[in-house]
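In order of appearance the chains are A, B, C, D, E and F, and numbering begins at 1 in each one.
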């Protein structure tokens, strides 16, 4: 499995391109250091190429689930990318807000507060800080 | 706020009844010890009566988000109740399976393995261990 | 519950003002984006207006508990605010130090080390890096 | 440091006896397997013999902090012992309840719900499920 | 990737057999419910078939790392299996003890205490509670 | 135990010097504020002076275990120091990579991704971004 499966690689790159742009897809893979390369390949193939594309969950639902998990874990840098990716997958600002309210309920105020900070910056950059 | 808001209380009890049955709704509130009562009231009002009912997320989506958060945190007893509640909210076994696959990706094998154990028991009891 | 309860709102703002100054109270609420507003309202009412003011725990004890929880969770930005708030609530530098020693025992060296870094900066700014 | 410091050992055993009884103190140390012995010695000396006895925090405050940390981490077996120890250190049922309400705020509903379950059992056994 | 790669499947099953016996290898895969099957396949192929066998880390070192991660996360059921697997991979009781001492340092007393409980049971069953 | 044990202090400083340089050893202890001093002393004595030097685990193995725990907990600043320390203890870039792959398996993609970022920076600074 040291060589990438061409079909999974292409499916993974295609989804990464849509969610994160070329910089977070082809460039991330091609420019990966020797230290990081195998990890990037696995994430591309197994995560974005295989698991994200399995029925019956669509990309929009998977994006909301991913935001909830990353906010719970407090992984802010990855959360930032996935808020951007969620919008590309059709999640609205109001849906992100309510996803974070669910994080507030089940993971507490600090998890939600940090995620509101992170998501707020992305939404502002994109002009999506919509009225309630 | 020491007395419950009647409207939120009723909305919360109604949702709890649908998701967990009367034992996990009216009985849980009425039989709560003095030690636990205020916490049960808050959960009923603020969580199930208010937050769970806000647009634009429906109960089905909130159930999937809740499963993802509880599996990430490793809270197995609560996860068990919420798998039952998710099915009452219209989440299918295949959707629970893929929610846990997203947990596998972002929170690791042990978080997913434990959640597959917990959810598997509930699905078996309900005769919902469906073919892929 | 979409409109704030005036009594809880005022109680919450009053405590937030004392702990974090006007910038972390009235301004935080008034300047909240549409995306964040409901979350700020809930935190003001339910957290600082209601829960923090319930007997028999005083604000000083609640501040120490909050520092312990935030350090355990590794939520450094919120910890920074709450170290400032703890001092406003009468917690001494020596009491913060021993709170973090309890974090060292039960959550390990990295949780405590990070919290000592965060709290040390706040104490230095306030001229409170007291001799043992 | 392979042999225990007699003064710290005695101070640690004394506090463990008060909080957990002889079974959770002398017996735990004397009956420890070879595999576990060094760990029990360190906990007795460094944790209960040294850190727990340092000014300015009293045992009652340290018990509340410990309950908050253990509930946040979801460590239910240790939480059970420390609820018992907290009562021996003078923490009331109402103070435990409010400590867990602070956990609810900052670590979420499941952390608090599980801790209310654990603490409720101990309080019931001791006949301390007091009216609010 | 819905059909298993025969080479990775065999490599994964072989390692699972050695670490957990036939019940935790062939049986786990063959008897998996429809709900759980894909997850078991992925764990067999990607985890035990691929990642665990990559140079330069041997199985013994990977077992110690896995014990440290599972104890940190508080995943006791999985920890139990991996203590058994570690011994099959050549980790001694003294090496498990010192792995848990490292957990004590960096993840705190409760993470280590719970892991000492879990590992102690396995070692006792195997007659490996060796003198220090 | 308020005065440092000279033998443990020297053993701890010696290991800290080797892993982190004089700045992370003698200077860290001598320049510690009154607020932080006791914590630095305990870490020097009990962690680096005592626990890290106990048989049968060598420093190299303890460094890999520490990296796994810190990556799992998401403690990036401490992880950075310990990647540097691991290299001083003889861990190769390929061994760090595979340690993080084990983190990927058991703690998920975001824990590993963040750790690959942190470790990648240190390895690049040291010219150790070796080919696979």
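Methods note: contacts are C-beta pairs under 8 Å (C-beta built on N, C-alpha and C of every residue); 3 or more make two chains touch, one makes a residue touch a chain.
Just so it is clear, the structure is predicted and the values come from calculations on it, not from any experiment.
Participant: Treat chain D as absent and tell me which of the other chains still form joined groups.
Facilitator: one piece
Participant: For the two copies chain A and chain C, what rotation in degrees overlays their C-alpha atoms? Round to the nearest 5.
Facilitator: With C-alpha atoms aligned, the rotation comes to 120 degrees.
Participant: If I list every residue number at the interface of chain B and chain D, are over half of them used by both copies, so same, or under half, so different?
Facilitator: Under half of the interface numbering overlaps between copies: different.
Participant: If you average the CA atoms of chain E and of chain F, how far apart do the two points sit, in angstrom?
Facilitator: Here chain E and chain F have centroids separated by 24 Å.
Participant: Could you put a whole-Å number on the gap between the CA centroids of chain C and chain E?
Facilitator: Taking the mean C-alpha position of each chain, the two centres sit 40 Å apart.
Participant: So which bits of chain E are touching at least two other chains?
Facilitator: Those would be 42, 47, 70, 73-74, 101, 104-111.
Participant: Touching residues of chain A toward chain F in the complex: what are they?
Facilitator: Touching chain F from chain A are residues 33-39, 42-43, 47, 70, 73-75, 77-78.
Participant: For chain E, which residues are in contact with chain C within the complex?
Facilitator: Residues 104-111 of chain E touch chain C in their complex.
Participant: Can you list the chain E residues touching chain F in their complex?
Facilitator: 47, 51, 54-57, 61-62, 64-66, 68-70, 72-73, 92, 94-95, 98-99, 101-107
Participant: Going by the contact rule at the top, pick out the chain B residues touching chain E in the complex.
Facilitator: 74, 93, 96-97, 100-101, 104, 108-114, 116-117, 119-120, 123-124, 129-132
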